[in-house]
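Each structure below appears as structure tokens.
In what follows, chain A forms one complex with chain B and a second complex with chain C.
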Partner chain A sequence: MRHGRLKRALLALTTGLTAAAFSTATLAASDGIDLKPKDHIKVGFVYVSPIGDAGWSYQHDQGRKAMEERLGDKVTTQFVENVPEGADAERVIRQLASGGADLIFTTSFGYMNPTIKVAKRFPNTVFEHATGYKRAKNVGTYMPRLYEGRYLAGMIAGEMTETNKLGFVAAFPIPEVVRAINAFTRGARSVNPDATVNVIWINAWYDPAKARQAAETLMDQGADVVTHHTDSHAVVQAAAERDKYAIAYHSDMSKYGGDSQLTAVVHQWGDFYTKRAREVLNGTWTSRDVWGGIASGMVDLAELSSDVPDDVRQEVMKAREAIVNGELQPFGGPVVAKDGSVKAKEGETLSDEALLKMDYYVEGVASKLPKK
Partner chain B sequence: MEIAGFNIVTWLAATLVMGTPLVLAGLGEFLAEKTGVLNLGTEGMMLVGAVSGFIAFVETDSQIAGFAVSMLAGAAMASLFALLTQTFRANQVASGLALTIFGVGLSAFMGRPYEGEGIQGLAKLHIPLLSDIPVLGPILFQQDPMVYLSIAIGAAVIYFTYHTRAGLVMRAVGESPESAHAMGYRVIGIRYLAVLSGGALAGLGGAYMSLVEPHLWVEGLVAGRGWIAVALVVFASWRPGRVMAGAYLFGGITRLGFELQGLGVPIPSQALSSLPYIATIVVLVILSRDRTKLRLNRPASLTKPFFATG
Partner chain C sequence: MMSLKFEKRPEPSRAMLYAAPLIAGALTLAFGLVIFAALGKAPLNAFYVFFIQPVNSLYGLGELTIKAAPLILIAAGLTVGFRAGVWNIGAEGQLVLGGICGGTVALVFHGVDAWWVLPLMLLAGTLGGMAWAAIPALLRTRFNTSEILVSLMLVYVAELLLVYLVNGPLQNPEGFGFPESRLFSESATWSPLIEGIRMNPSFLIALGALVGLYFLLSRLYLGFQIRTAGLAPDAAHYAGINASRMTWLSLLIGGGAAGLAGVNEVAGPIGQLLPDISPEYGFAAIIVAYLGRLHPVGILFAGLLMALIYLGGESAQIALQVPDSVTGVFQGMLLFFILAVDFFVNFRLRMARRSQEGTN
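Coming up: the complex of A and B.
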């Protein structure tokens, strides 16, 4: 025990000294990070919740495993789960860095400032922060274009509904969730102009009992396909029990939904993590902001339910192809808001900036967006 | 029965479901407080009850075993609290908070291997004849057995508290432990019993969530309902009937908020989310506005440790 601590302290000291020497040396040098090719790297991961069985952190951990599998003995990985955002996060990230990690993925928005802070102390270590906007020469950011998957899921929902009423259980009215609702609605109406989407906000990321009640309410009111932008599998389970359809989020939840789960919009991090780790191995990594969708492998649909007919399947796969090669933009004009104002004209596409600030519903959302 | 797309029957039926965990946990907290013990560990006891019941059900495939184990687990948690506050006379507020923190962690740890296990919910019980009555049938007589049981428990608690000699002793311990002691009653023993029964009910309330609605286990499933139960007891001015009314009111208005949102009623969802809290407080405060009665209802020895003398 005592030796371990001593060793760690010495390691921290040496790393600190090297870091200090390094930072003075590179002070006047280039603005990029100076990486040497390596035979083997240590990769650390920080998760905000327990890995569990499904959900946000679970998907990141699947990504870690995929990377490990592909890179074999070139990487050793290490993860810390259930790390609260804030002071604890900084301690955990620093520990990983001083433990000799060459690359650290911090996978929650609230890790942004701790990551930047620790990164300053460890200029030799590469950091990748998910969903944030602060970068440094050794800190890159990445975020999924979830709305691409939502659009495709909306198409399936639009084809499968008989009542033309779709239900959406949502967490908090922030741009990320509003974007998901809008993309889902546009997808549905691209194949079924009569489809409308009713939204219930439960004002919680995580309250399975409320999520279930919201889903029940939507189904009672006539929705025959429901989806959710909240954690847990409560919505999928509720739909399956009433023989209605559901579209899951984060992870494939067909385990709970069976064929009632039409598909799931899932995050996939394996490709991205492998790519980034390879760059660090080769010494070619540079700080970037990656907003990746289906094409980059960050977002995709889970396997479609066997209830989805072949023609719908083909139609969705064609649209998926078109999104991958850029022919189809889920927010390609005309984009008309619910109040009738035109956000993007024919031939235009909403900019990333506009997507990041989205605070209106598009046509076809039956509910009204709560205002700040 | 529908008014502009709003189905009153499904709403009221769901109200009973949403109120049930609060009814159970609230009645449990009521019992403890009525003997003068404030147990803020309800959230922790509910969580441990929820996860234990879930594990027992997964392992034995018996719902009854699940509910029984959840009550034992809740009582076990409560006995820890009773040991600290009654035997060692530790501060009740601090011990209760500690119990909740402990319960949050323990339930997460226990539930890890079972997280995401898919289980069957409890089937609804259609009471013959009664369930066929229009409007009232679907609201009252097509519920799951636990809804009926929780109402029966509520009736039993009311009867016990106000119409039995044991109930009188329980109230006496809460009002004036010294007098009860002088009359030869074992104050600490009675408080232990009340706290343990309260823990069992909290555990059952938690299991209602993990086994009935929404019947799944994920970490932190109870999501604050233990705190609402504690608050209900206070706002209901320590009257079990009002605790139940408050619990159903809270559940009903939560669901009403969803109904209105689903129908596209232009009220901000944040306002609808806070409505259950506001409505419950307002209604219960109005019910308990008589200050003399309020003072009479509040157990005089609440949070005070008892030292036997003489």
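Coming up: the complex of A and C.
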């Protein structure tokens, strides 16, 4: 597993933020987390949606199971699904901590402040928060370099489209999702400069009815390949029903889309969870910010549909290889925003910090970003 | 030939009317134990995990009040309307508006360490909820529009408004573009009543609302008017009770209570504005109001029970590894049994000999 680099500037910034959230008393009391090697640990997971049989939470649960399998009787795991990101999260996280969990993965952005709050009360428990930016002595963060997979998926979409119109159903206009849209668009235009991407925001991670409606609208507008950054298989299903193509997200959803699903951009958490749990077992865990892409196994493409021709297949696999060995950067310059401003010049690459707060569309996204 | 037949009871037993929720609760419990047994969990242990463990510590009791406070406060406000025959289904939207207005005050005075920030937030939130409820009131009294539809539709408008605000004007400038506001200053948040427990004065506010409801309904002439308008609209009209005044009053009280509950959430356990500030308290409160027989004492117990079911669901997931849907199953059973028991309180089952003509 490759670890993402710690961005010093970012670290300085977030230390400032977390310091504000931490009382001076606990800071003084927990100068460095004091972990001792253990024979057995309890690991808790908090999921934002029902586990179901596909989606964000499902993938995390697959990761939990993979970890359980590899570490055997060294770990016991517990999980709570469908925990809202408001007032309830703090109680659930705290309940896991006071129940003796040694390591707790909180797997949604909205758990950031509750995780920090509970971590303050349980200085000897280790917390790992997905996709956030606040860390503490006993709180680490992790984030998938999803955009690598999105770029490859965009290449496939760009090759397969006949109308040159691609559709994207998105949840919330946060940097993570904007990054995904931009990488998808850049991937598509790397092979098909005429391709454009239309985006519909549904303001929900999990709302199958709205996601389906959005997908149908995009297809009505001419899109013949649709993808999504939401949590159900509605978009894939809608595309299959109309005999259009879809690119799934989170999980392989081919059982809903058949060959209509060109591929899926998937998360795989098993390696990361096993590694972090092992570090807690050994007493060597330290708070870090881990970004994992295709090379680390945290992100990948599901098997390609048999509709994808061989030359496209080879082209994509070559690009995948190039991403793994660092030759291809999905956000390597020139990166030009929709308004024409240059975000990275030829030869430059957007930094992780720039990626973390990306709030603009790149050239080729036809929609406007809903903002201010 | 014999047949079964339901017959309306001439005078439903008053005692049974009040016992009905208890019977429904007992039936839910009994069937819940059967379900746990069917899932292969020891029923008694499951019962302990679901109903006792969440509240066997001071922290747990505090959580119960955190969860019950908004349910009780909103249910108390809605009850006025339900008694008067005014169907405000949109408390969720009024709650969101309350959160928005209170939260905006908190953000405008961010960093101001003064005692008046929180009271001002509570006032703003209450007025915000009232304003949102005033829309269906105005449309109802001026154009005879259904308050059910208008108040419900406004829920979606309110939720989208909040999403817009936390992505736009109220977004945390240091938050990397994530959709949330700054964390409120200390002067803009409820401090816990006991250090380390999340219970805060919002529960006392909810209890106060119940006392207020009791006096309004049973001690004041206004309460008499409300009840008459609900029970016999024609008689009320004949007696000179102003129907549009009742509509306005009901919606403003319901909206104000929901708005206040909204501020209490953002100033309490949440501490900032998020795209989603309520796990549908506004809708669950309707169930609480009816489960509590539209009576202050009933609402108190119904609110606590609903809250306990939420906590029990979480605790059962952790300890028993049962799915989250168990919470929904319990809530569903509770409603089903209360409706069923109510039916039998009002009707009785009779064996009847079918007449020769077979008119039955």
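Everything that follows uses one rule, which is that the second predicted complex is superposed on the first by the 336 of 372 C-alpha atoms of A that agree within 3 Å, B and C clash if a C-alpha of one lies under 4 Å from a C-alpha of the other, contacts with A are read in each partner's own complex, and residues count from 1 in each chain.
Basically, a residue touches a chain if its C-beta (ideal position, glycine included) is under 8 Å from a C-beta of that chain, and two chains touch if they have at least 3 such contacts.
No experiment lies behind these values; they were computed from the predicted model shown.
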With everything superposed onto chain A, say whether chain B and chain C fit together or clash. clash
Quick check on the superposed pair: does A:P173 touch chain B, chain C, both, or neither? Answer first, second, both or neither. both
After superposition on the shared chain, which partner residues are touched by A:N203: those of chain B (first), chain C (second), both, or neither? both
Which superposed partner A:D53 touches (first chain B, second chain C, both, neither): first
Does chain B (first) or chain C (second) touch A:Q95, or do both, or does neither? second
Could you tell me if A:W291 is touching chain B, chain C, both of them or neither one (first, second, both, neither)? neither
Now for A:F109: first (chain B), second (chain C), both, or neither, which partner does it touch? second
Please work out whether A:P84 is in contact with chain B alone, chain C alone, both, or neither, and reply first, second, both or neither. second
Would you sort A:L356 into first (chain B), second (chain C), both or neither based on which partner it touches? second
Does chain B (first) or chain C (second) touch A:P370, or do both, or does neither? both
Mind sorting out which residues of chain A both chain B and chain C touch, each in its own complex? 50, 173, 203, 370-371
Note which residues of chain A are touching chain C in the complex, please. 13, 17, 21, 44, 50-51, 78-88, 90-92, 94-96, 98-99, 109-110, 113, 121, 133, 172-175, 178, 203, 356-359, 370-372
Interface residues, chain C side, partner chain A - complex: 59, 63, 66-67, 160, 163, 167-169, 174, 176-180, 183, 196, 198, 265, 268-272, 274-279, 310-311, 314-315, 317-318, 321, 323-325
Per the touch rule above, chain B residues touching chain A in the complex are 5, 7, 10, 14, 18, 21, 108, 112, 115-116, 118, 121, 209, 213-216, 218-221, 223, 225, 254-255, 258-259, 261-264, 266, 268-270, 273
For chain A, which residues count as touching chain B in their complex? 49-50, 52-54, 167, 173, 198-204, 206-214, 216-218, 220-221, 231-234, 237-238, 241, 255-256, 366-368, 370-371
